[in-house]
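In what comes next, chain A is part of two complexes: it sits with chain B in the first one and with chain C in the second one.
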Partner chain A sequence: MRKALTYPSHTELSSMSMRRKKHVWTALFLILLFAWSLWQTESSLLDFINGFSNMFDLLIQMVPPNWAYFDNVVPPMLDTIRMALLGTTIGAILAIPFALLSASNVFKNKALYYPIRFILNLIRTIPELLLAAIFVAILGLGPLPGIFALGIFSMGIIAKLTYEATEGIDPGPLEAMTAVGANKIQWIAYSVVPQVTPYYISFVLYALEINVRAAAILGLVGAGGIGEYYDKTLGFLEYDKVSTIIICTLLVVLAIDYVSMKLREKLL
Partner chain B sequence: MKNAAYPIKPKRSRWKLWSIYIVLFLIYVWALSGVPLEGFKETAGQISKAIINGLFSPDWDYVYLPEGEDLLRGLLDTLAIAILGTFVSAFLCVPFAFWAANNLSKGVILTQSGKFMLSFVRTFPELVMALIFIKVVGPGSFAGVLALGLHSIGMLGKLFAEEIENIDLGPTEALKATGANPIQMLWFAVVPQVIPGFISYTLYRFEINLRSASVLGIIGAGGIGTPLIFAIQSRNWSRVGIILLGIIVMVTIIDMISSSIRKRIV
Partner chain C sequence: MIEFKQVSKIYPNGVVGLDNINLTIKKGEFVVIVGLSGAGKSTFLRSINRLHEITSGEIIIDNTSITKAKGKQLLKIRRDIGMIFQSFNLVKRSTVIRNVLAGRVGYHSTMRTLLGLFPPEDKKLAMRALERVNIIDKAYSRSDQLSGGQQQRVSIARALAQEAKIILADEPVASLDPLTTVQVLEDLKTINVELGITLVVNLHSIELARQYATRIIGLQEGRVVFDGPVEQATDERFKEIYGQPFEVKNNEESVNLPISH
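Coming up: the complex of A and B.
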C-alpha cells in the first residue's frame, strides 16, 4: 500500500510564515539596536582607522619589554596576590552564614531566605572597582580598601554558588538528623556541612581566580596592588614598562589559575 | 569486626591534612605580613556615616537634567557601550572559535594555538585594554567599546569553541556524502546546531559587559563611571547614591530580560 504523501497543512504553513516574520522582526530589532548604540557611543570606523597608526606606534614601543623594571614590579605584584588572598578569605567567611540562610532546604522560612537572596543579588550588581573607590574614600589609599572591596564582592559570588549547591544536596542525611532529634546547629554541622564542603572549597578557589584578576586593576582607583603602576607608566608614556607589567600580571594570573584548577580537579 | 562501621582513617591522610593546614598557615602569615593594618583614618567612621546617609537620600534631581550630563544619559551611554561591545565580540570571535575547536580544524597544534590565543586575550584585564585604547582613539565611549569588544572575544571564543566541539557530526557527514562543499556543510550542518548556544552565551556575556561598562568611565572610557568617580572624589554622596541606584536598577532589569530570553532558547 502506498503511503499518501503528506504536505504541510494550512496551519503548519501559517506557523512557518509566522516564524519567518518573527525572525525578520528580531533581525530588524537587532539592527536598530546596533545603529542606536553606534550613534549613542559616537563610534566610527574612521576614528578606528585613523587611530590605527597610533596603535601600531604603541605596539612597537611596547616591544621589547623593559626587563630592568621587573624588580620594581615584583613587590606590588606580591601585594596584589596578598590582597586577593585576604579578600577571598574575608569573602569566604562572610559567605557561610549568607549561604546557609538563603538555602531553602536549611531554613524553610520564605520570609528569611528571600530577603537574604535579594541582598546577595544587590551586592553582585555592584562592580568591585566601585566598591573599591568607595572604600578608598573611607579608609584612604592603600591595599586595605582593596581587600574589603574584594571581600564583599567575592562574598556575593561564593554565597550564591554555595547556596545553590546546598539546595542540591541529598536530603537523606537531613531527615536522619531530624529523626534522631538533633538541634539546628548539630543538624547543619553533621548533615549539611559534610556534603557541601567540597563544593564550597571549589567555589572559594574560583573566587580567588576572579579576585587575582580584579586585584590587578584595583590600583587604578588607589586601592593598592599593581594597578597603580599602570597609571604611572602609561601617564609617562613608558610603554616598555607597561608591557613588563602586563607580562608579569599574565604570568601570575595563569599560575594561580593553574594551581587552582588542579586543586579543584582533585576536590570534585 | 567491631570497627567495620567506623573505618579508621589511615595515618597518611592525617599527615596530609596537617601538611595542608601548615601550608595554609604559612600562606596567611605571609599574606598578613604585607598589609598595613593600622592604616585606618580617624575620619573613617564619620565618612561612612556620611556615605550611608547619602546612599539613603539619593539626589533625585540628577535623574534628568535638561542641559546634559545626567543619570539617564549616562546609563544609556553605558548600555550602548555594552551592546556594541557585545556585537563586535560576537562577530569577531566566530573565526577564533572555529580555529580553536578540535573537531573541525585540523591538527593539535592549530587548535592548541587557537586556545592559547583565546586564553591570552581572556587574562588581559579589560580596563588595561581600555587604557591602551584611550591612547589610540582618545577618551570616550568608543575606547570602551573597543576594549569590551576585544576582551569578550577571549571568553566568547572559548565558549563558542566548546559548543562547536559538542555538535553531532552526523549531519556534516551526510552533507559530505551528498557532495556539498565546505561552506554548504558549515551552513546547513554546523550552524543550525550551534546557534542556540551562541545566542545564549552572547546574552550571558552581554550581562557581564554591562557591569564592566559601568566602571569603564572611571578611567575615562565613557559611560556612567565618569560622573560616578567625580561624585566620589568630590564627596557628593547623595549623587553617588542615585548613580549606584541607577546602575543596580539597570543591571537587574537587563539580567531579568536576558535570562528570560536564555531560558526560552535553550
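Coming up: the complex of A and C.
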C-alpha cells in the first residue's frame, strides 16, 4: 500500500514561515544587543585576543607556587574560616524569626508576612561585597565588618529558603496541635519546628559553603581574611605567592563543601 | 455535654456547611455522624472544638460557650477535647512518646514545654495511654516507622494523655484496612465504655456506625435528617431519607468483620 504523501496546508505553511521569521528577529536582536554592549563599554574583542599572551606570561609566573609563603597564608586562611563560621551562625540565628514570620501557614496575617518578605528580598539584592564595604565604613577595617556582612547576607538566604520549606510542611500536625489547645509558641515548637529543622540545618550548611567562598574575597574591601593577601600579593605582582593562596583557598573550599554535602545527605 | 443551639455555617463562597442545627450530646454517648461526602460531617465535628468558625448560633461545651470563648479560655476548652484525624496527623519525624506528650502541652507553662520538661507523672500518663492502645513497645520508635493502624493508635493515646473528656474522630478508619479498622474502633469503644469519655465520630459506613454507636446522627446538606438510637437506624429508614441505598460501597468500609469481645 502506498503511503499518501501529505503536504502542509496553506495555513500550516504560513505559520511555519511566521515562526521562522520570529527566530530570525530574535537572533538579530541578540546580536545587536551584544554589539551595542561592546560598543558602550568600549571593549573590543581584539583586546581580548591580544591579552592571551599576557595570560600565558602570568600562568608561567604562577608556577611553581611559592611554598615557603604557605606559612604566611595559614593564619589568614583560618581567620577566613572563622569569619565564615561566625557570620553563618549570626545569620542562622537571625533567620529563625524572619523565616517564621514570613511563612503564611504559621502567621496567617498578610499585613505581617508581606512586609517581612519584602525586607528579606531587599537584603538579598545587596551583594555581600557591598555589605562588607558598608560595614567597613561603619566599624573600620578588620574581620568584624566582614563577619557582620556575612551574617546579614546569609540571614537573607537561610530565611528565604527556610520559609519556603516551612510553607511546604504537612498541615496535619499543625491542625492537631491547635486541637490540643496549644498556645502559639507551643504550637510552633511542637508542629512546625520538628518538621522544618532538617531543612533548616541543611540550609545553614549551604550558607556556610557560600560564606567560605565569600569570606575569601571580603579582604578586597578591607574586611579581613585571606582576601587582603590577594590584594597585597597581586599589587606587588608576586604571582607565585598568589598561586599559593589560590591553592590553599581551593583546598579549604573543597573540604568544607565535601563535609557539608555529606552532612546534608544524611539529613534529608 | 455538647449543645448545638441554632448553629449554622455558610462558607464565604455561599456553600451551606451547617444549617440550623439544634441538638445535645450527653456525657458518655458514642455518637456516630453519617452522611454522604460533602454532607457537612467534617464541618460539624470541627465546629465543636472551633477548628472551623460557625457563622451563627452557639456551641456550648460543659456549660461554657466555646463560640464566645477568647484567648486562654478557648485553649482551655480545647484542652479537654481530644481529636483524631483520618491522616493521623502525627509529627512523623518525632518519636511516638513525644507525639503523645504533645497532648500535655496545654497543662504546662510555655517555657516548660519548650524545654520538653514534662513531669514524671506526665510520662507515666503517656506510657499508660500507649499501654491502653497496645503499642507501648513502640514508645521510642520514630512515628514514620509505624504502620497506619499503629499511628492511629498513637493519636488515640495522644487524646488519652490529654485527659480529654470528649474525643472527636474525623473519619478515623478511612485510610485503614478492615482488620485495623476493627482494632481502632474497638479501642475507641473501650475508651468510651471504661473511661466514660464522650465520643463523636464521623464515619461513612452505616454498617460500622451500627456496630459501635449508641446514637446515630445523619446529615444531608448540613441538615440533621436522622437522629436516634442505633435500633431506629435501619436500612429501610435510611433509604427513605436519602432516597437511595445509603452505604457507600467501598471495599474498605463495607467489609463486616466479627467483633471480638
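The rule we apply is simple: the second predicted complex is superposed on the first by the 250 of 268 C-alpha atoms of A that agree within 3 Å, B and C clash if a C-alpha of one lies under 4 Å from a C-alpha of the other, contacts with A are read in each partner's own complex, and residues count from 1 in each chain.
Criterion: a contact is a pair of C-beta atoms (placed from the backbone, for glycine too) under 8 Å apart; a residue touches a chain by one contact, two chains touch by 3 or more.
Predicted model, so just to flag it, every value in this text is computed and none were measured.
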According to the stated criteria, A:L112 is in contact with first (chain B), second (chain C), both, or neither; which is it?
neither
Field: First (chain B), second (chain C), both or neither touched by A:N183
entry: second
Between chain B and chain C, the one with more contact residues on chain A is chain B
Check: If you stack the two complexes on chain A, which partner ends up touching A:L139: first (chain B), second (chain C), both, or neither?
Finding: first
If you stack the two complexes on chain A, which partner ends up touching A:L38: first (chain B), second (chain C), both, or neither?
first
Q) Regarding the shared-chain residue A:Q195, is it in contact with chain B (first), chain C (second), both, or neither? A) second
According to the stated criteria, A:D170 is in contact with first (chain B), second (chain C), both, or neither; which is it?
second
Next item on the list: Quick one: classify A:N121 as touching chain B (first), chain C (second), both or neither.
Entry: first
- Query: Looking at the overlay, what does A:I96 touch: chain B (first), chain C (second), both, or neither?
  - Reply: neither
Shared chain A footprint, chain B vs chain C, residue numbers none
Contacts from chain C onto chain A in the complex sit at residues 49, 51, 74-83, 85, 87-94, 98, 102-103, 105-106, 110, 113-114, 155, 158, 162, 168
Note: in the complex, chain B contacts chain A through residues 27-28, 30-32, 34-37, 39-41, 44, 47-48, 51, 76-77, 79-81, 83-84, 87, 119-120, 123-125, 127-128, 131-132, 135-138, 140-142, 144-146, 211-212, 214-215, 218-219, 222, 225, 228-229, 232, 235, 240, 244, 247-248, 251-252, 255
Per the touch rule, the chain A residues reaching chain C in their complex are 170, 172-173, 175-183, 185-186, 189-191, 194-195, 198
In their shared complex, chain B is touched by residues of chain A numbered 33-34, 36-38, 40-44, 47-48, 51-52, 54-55, 58, 78-79, 81-83, 85-86, 89, 121-122, 125-127, 129-130, 133-134, 137-140, 142-144, 147, 213, 216-217, 220-221, 230, 234, 242, 246, 249-250, 253-254, 257
